[in-house]
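Chain lettering (A, B, C and D) follows the sequence in which the chains are written, and residue indices restart at 1 in each chain.
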Amino acid sequence: MGFIKAKYNAPGGVHPAYHKDLAAEQPIVEMPLPASLVVSMSQHLGKPATPTVKKGDSVLRGQVIGESAGFISAAVHAPTSGTVKLVAPVATAAGPQATAITIEPDGEDTWVEGISPCPNWQALGKKEIVEKIAAAGITGMGGAGFPTHVKVSPPPETEIDTLILNGAECEPYLTADYRLMVEKAAEIWQGALIIAKALDAKTIYVAIEDNKPQAIAAMQEALPAEAGDAQVVELKTEYPQGAEKQQIFAVTGREVPAGGLPLNVGIVVENVGTTLAVWDAVVNGRPLTERVTTVTGGPVAKPGNVLARLGTTTADMVEFCGGTSGAVAKIISGGPMMGFAQADMSGPTTKTTSGLLLLGPESVHAYESMPCISCGRCVGVCPMNLMPNELSQFLEAEDYETAEEYNVMDCIECGCCAFECPAHRPLVQHMRRGKTQVMINRRNQ
Amino acid sequence: MLDVIIALVPALLVSVTFFGWNALRLTLACVITCLAAEALSRKAMGRNLGIDDLSAVITGMLLAFNLPPTLPTWMAVVGSVFAIVICKQLFGGIGYNPFNPALAGRVMLLISFPVFMTRWSEWTIPSPIGMDAVTSATPLGLVKTAVTSTGALPFTFDGATMLQLLVGNQNGCIGEVSAAALLLGGIYLLIRRCITWHIPVAYLATVAIFSGILWIHHPQQNLPPHFHLLSGGLMLGAIFMATDMVTSPVTKRGMLVFGGGCGILTVLIRKWGGYPEGVSFAILLMNAITPLINRATRPRVFGAPKGGKKQA
Amino acid sequence: MTAVIQTAITIGGAGLACGGLLALAAKFLAVEEDPRVEEVNEILPGANCGGCAYAGCAAYAEAIVLEGAAINLCAPGGAEILNKLAEATGQTAQQAEHKVAIVLCGGEVEHAPRKFDYNGVADCQAAHSTGGGDKACTYGCLGYASCARACPVGAIEIINGIAKVHPDLCISCQACVKTCPRKLIKMVPYARKIHVMCSSKDKGPAVKKACTVGCIGCTICTKLAEDEAIKMEGFLAVVDYDKDLDNDTVIEKCPPNCIVRI
Amino acid sequence: MTEYVLLIIGAVLVNNFVLTRFLGICPFLGVSKKLPTALGMCGAVIFVMTSASAVTWALQHLVLEKLGLGYLQTIAFILVIASFVQLVDIAMKKFAPPLHAALGIFLPLITTNCAVLGVSVLNVQLKYGFLKAVVFGFAASLGFSLALIIYTGLREKIDRANPPKAFEGVAIALVTAGLLSLAFMGFAGLVK
């Protein structure tokens, strides 16, 4: 009942060593308040929020400290009560600078007033649900960080019939979503029903890879009656099953048009973490101030899944997990395939930090990239059916028009080609460089 | 790259057993010259040495396998220098050359030194009537001269001759004589995933079908398909030369088209061309067409309209 | 004698026939085109360098004739092309000042440490978008030679870690200005020789951590330079190139000696 | 009929005008940057070569030989070819301006293209009848187009190569053309 195997499988895909065993069995542990929190204004896709507090102000937990600055943007709330120490630019995980508010917690963790829980959310209309989500500053927590209130209120003429909960978590090492599904299955289903109501979606699917049997069992068991013919869909374990377009195809067989959005085929995909945050926002009325992040990797003494306030620095998180045992050669915010390497441990976690990965010297290699010998392995594994070998040679010769002709804009930067390339060519960086330049050229035209 | 060298060892052993010191002499000359040429040209171009990727060794061995046993050493050296310097390093080293260096080297030698490149040692054909005919031409050479002059086949292709071709007791270039040794190497490469089956299978199938049609249409003037499969440089070309990743298409469909094209051209040249053996020319011509094949067989982008333009 | 006549008649006849055919074709398939555009296009150097911000000389010619674009935008052309353009279009010729490009960053390898070792594509835009660039200073020149590759005349060279423009080679086509992801390259008058080699907007202490020759905003130079030739923009000293600045005390007195004469 | 087929195979594969007779090399090198431009060039060359070989044959046999002015052959041929090229130039400017801009200087260059003049002179030397001359002209232009299309595919690959400084640009293009003609020598003897 409520369980099917995925009938389709997207093209390409690779099987990296998953190393999930490091943190998979560790239950979610709440982290006490650290010494200081660095809350970045750019925790989402779109324009960074504009700060509404200045140095010296005292704030309460859940108080808006950054207003949404436009349609595609999201509000930022104080993760705890305390005083604002500094408002200054800080590097985000991806690299560019964004203003960040440093708060020194006062330890009381008092909530701002005006938190209005609403247990029987069924009485709420679609508009109220979207407003509550927007007020809570919920964004996609899988990694992209697209503001959820925008995703949940598609343009009127589009007709959404299916909601897919993305529980694939195909990125190696990361187990945050897995633990959420095992421990909070019922609440996630409630969140799903809320989103489905906002979208008028008829069927709900939960897509989980078959290397997470307990998660499948937990979600199947917690399936509520009012979810109707909702199904838990078991996907073949393959990276990148978690990519939106590939997951939609695997679950429903529909192909999102290249350059288009999932809503063009009547589907919205929402991460299980985001769904839980929606439940928390609508039912408990609490804005998004904390999230579960997997802190894992060889050098981490006690890898685990940590429920930490937004803005906790990497150093504090690693300290909470027993500090580092052995040399650290690389610090990655996110997973090894799509995460961003960090220069040091000072970076704060944000709404989109699903993992903090520390790698020892033995698993970090600096390669000298060789010319491409057209072996075609990257063409075989590209989930978007592109030709990474030709694209990387065009981009190496700085020929951006032909790269655009060969669909560089459809690249989802999943990293399969670079993972597979025997000549260790920086393929994903070529694609990213190409996409930036094509967008610059389009703007200059 | 090491796997390719291991796959070539069986053919090397067979060639040493049949042609003795000549085979060793040529192979060593080619390999050493290729390595030296690559090292010197990389230094001259101020690039990293890069000979540790063993691609020069493979080019040397493959070029040697395409040479007749009695070829003077200096010609082998000239061929190797041409293959490495002109056909590969001039384009910027591994990965940039449009043509297979070993093949281009062999074709250059064939056209520059036609006499030396077509002088073979003795071998006997065990004819069914008991009288072994001694000749100094390759099976294909014999067929070409006989068919063009007398219009009849020079020998009947029966079990005994087939076994000869399989084992390698025949005339020809040092590496191409034994089909069995080459097939052994090919299977090793398939297991080690250095090559995919698409090009060799497509190539051999097209040759078999095309020569089969000719054979059925005109049995007196054409030899059966399995003769064409086992003779000349086909096995060496299909398994080792055509599957060179740098100069062959990237997509699976492209590889099938490439193999088919090579097959048609090989039989075309063997049947009507001026040269007895068409494998080298066929593969070189298909190398030239590979960029167009790559362009034509691009996979449909995920999400692009079916059957429509490739991009959205 | 008859052979000469015969030749003349034959070839002359064939020529006349072809000429007639072409005349007919030219009439029926005529494509109207403004002759002045062709004339202006002839005057322009034809380097298609884009310095005039048009897609090439032909596009600039059309812009001049049809849209009345300014005629002094052709930097490589210099004075004599400007005068010819003035005659052709009947406009007055005011000489545009000869400007050259300069990279406002002095943070060479030994002055500006790197915060992580970057093992990716050797391109400034690629390095800049990987973790915000591998240089400790988030404003400084990364030295991956994107501007050098973009320069049509090879006037830019990477000298121990940062890009340097040779003023005499620069044809002021501004290709490098567009390429630099950190917008460090400015067009400055050729005559001006003294420059503040820094573009960092950070405060003094932050700059000191990132680079030993960065401008720490101590404002000494603004006081020494006569009639405000150097002004402070936030914590960064910026030269006002309209004013002629030529005193060496500014160079000696700058604590991190960030001001140089090129 | 087979005689014409053999003639076409002979002109396209065996003695290809560009790769074996080495005629018409400058448009071959100049236009082979991008495939669309190359295809445009093939169209122009096919039209000009076929019609030029027809008209030059007529001019030679009906006019020059009748009047004993055989020695005027080259001038007369160039005159006719030039006017055909001018005709194509005007027509293309009217109907396909982007292609006309892309071809640029290489379109009028067909006038002095030795392949076009070559086919006209060969028609006369080999004493072909009218129909044979036209078929030979058409076959020669097909050979030119085949070589140009294959070569354009190669050029797009080697433009991305990084040869040593001295060999960048046309030098490496000529080396590739040499290797391509080496491959085409395989067709030698295909047609007696």
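What we mean here is this: a contact is a pair of C-beta atoms (placed from the backbone, for glycine too) under 8 Å apart; a residue touches a chain by one contact, two chains touch by 3 or more.
The structure presented is a predicted model; accordingly, all values stated were derived computationally and were not measured.
Q: In this assembly, which chains make contact with subunit C and also with subunit D?
A: A
Q: Across the interfaces B-D and A-C, which one involves more C-beta pairs in contact?
A: Higher C-beta contact count between the two pairs: B-D.
Q: Once you find the CA centre of subunit B and the CA centre of subunit D, what distance in Å lies between them?
A: 33
Q: Go ahead and note the Å separation of the Cα centroids belonging to subunit A and subunit C.
A: The computed centroid separation for subunit A versus subunit C comes out at 42 Å.
Q: Report, in whole Å, the distance between the mean C-alpha point of subunit A and the mean C-alpha point of subunit D.
A: The computed centroid separation for subunit A versus subunit D comes out at 59 Å.
Q: So how far apart, in whole Å, are subunit A and subunit B when each is placed at the average of its C-alpha atoms?
A: The mean C-alpha positions of subunit A and subunit B differ by 52 Å.
Q: For subunit A, jot down the residues that touch at least 2 other chains.
A: In subunit A, the residues touching two or more other chains are 396.
Q: Quick one: which residues in subunit B touch 2 or more of the other chains?
A: Where subunit B meets two or more other chains at a single residue, that happens at 92, 96.
Q: Residues of subunit C touching 2+ other chains?
A: There are none in subunit C.
Q: Have a look at which chains touch which and call the overall pattern line, ring, star, complete or other.
A: Looks like something else, not a line, ring, star or complete graph.
Q: Once the touch criterion is applied, which pairs of chains come out as touching?
A: Chains touch in the following pairs: A-B, A-C, A-D, B-D, C-D.
Q: What residues on subunit C touch subunit D, complex-wise?
A: Of all residues in subunit C, those touching subunit D are 3, 6-7, 10-11, 14-15, 18-19, 21-22, 25-26, 29-31.
Q: Taking the touch rule as given, give the residues of subunit A at its contact with subunit D in the complex, in rising order.
A: 393-394, 396-397, 399
Q: Any idea which subunit B residues touch subunit D in the complex?
A: Counting only subunit B, the residues touching subunit D are 44-45, 86-87, 90-92, 96-99, 104, 107-108, 111, 265, 268-269, 272-275, 278, 280-282, 284-285, 287-292, 295.
Q: Under the touch definition given earlier, write down the residues of subunit B that touch subunit A in their complex.
A: Where subunit B meets subunit A, its residues are 48, 53, 92-96, 245-246, 248, 250-251, 294, 298-305, 310-312.
Q: Can you list the subunit D residues touching subunit C in their complex?
A: 59, 63-64, 67, 69, 72, 75-76, 79-80, 82-83, 86-87, 90-91, 93-95, 97
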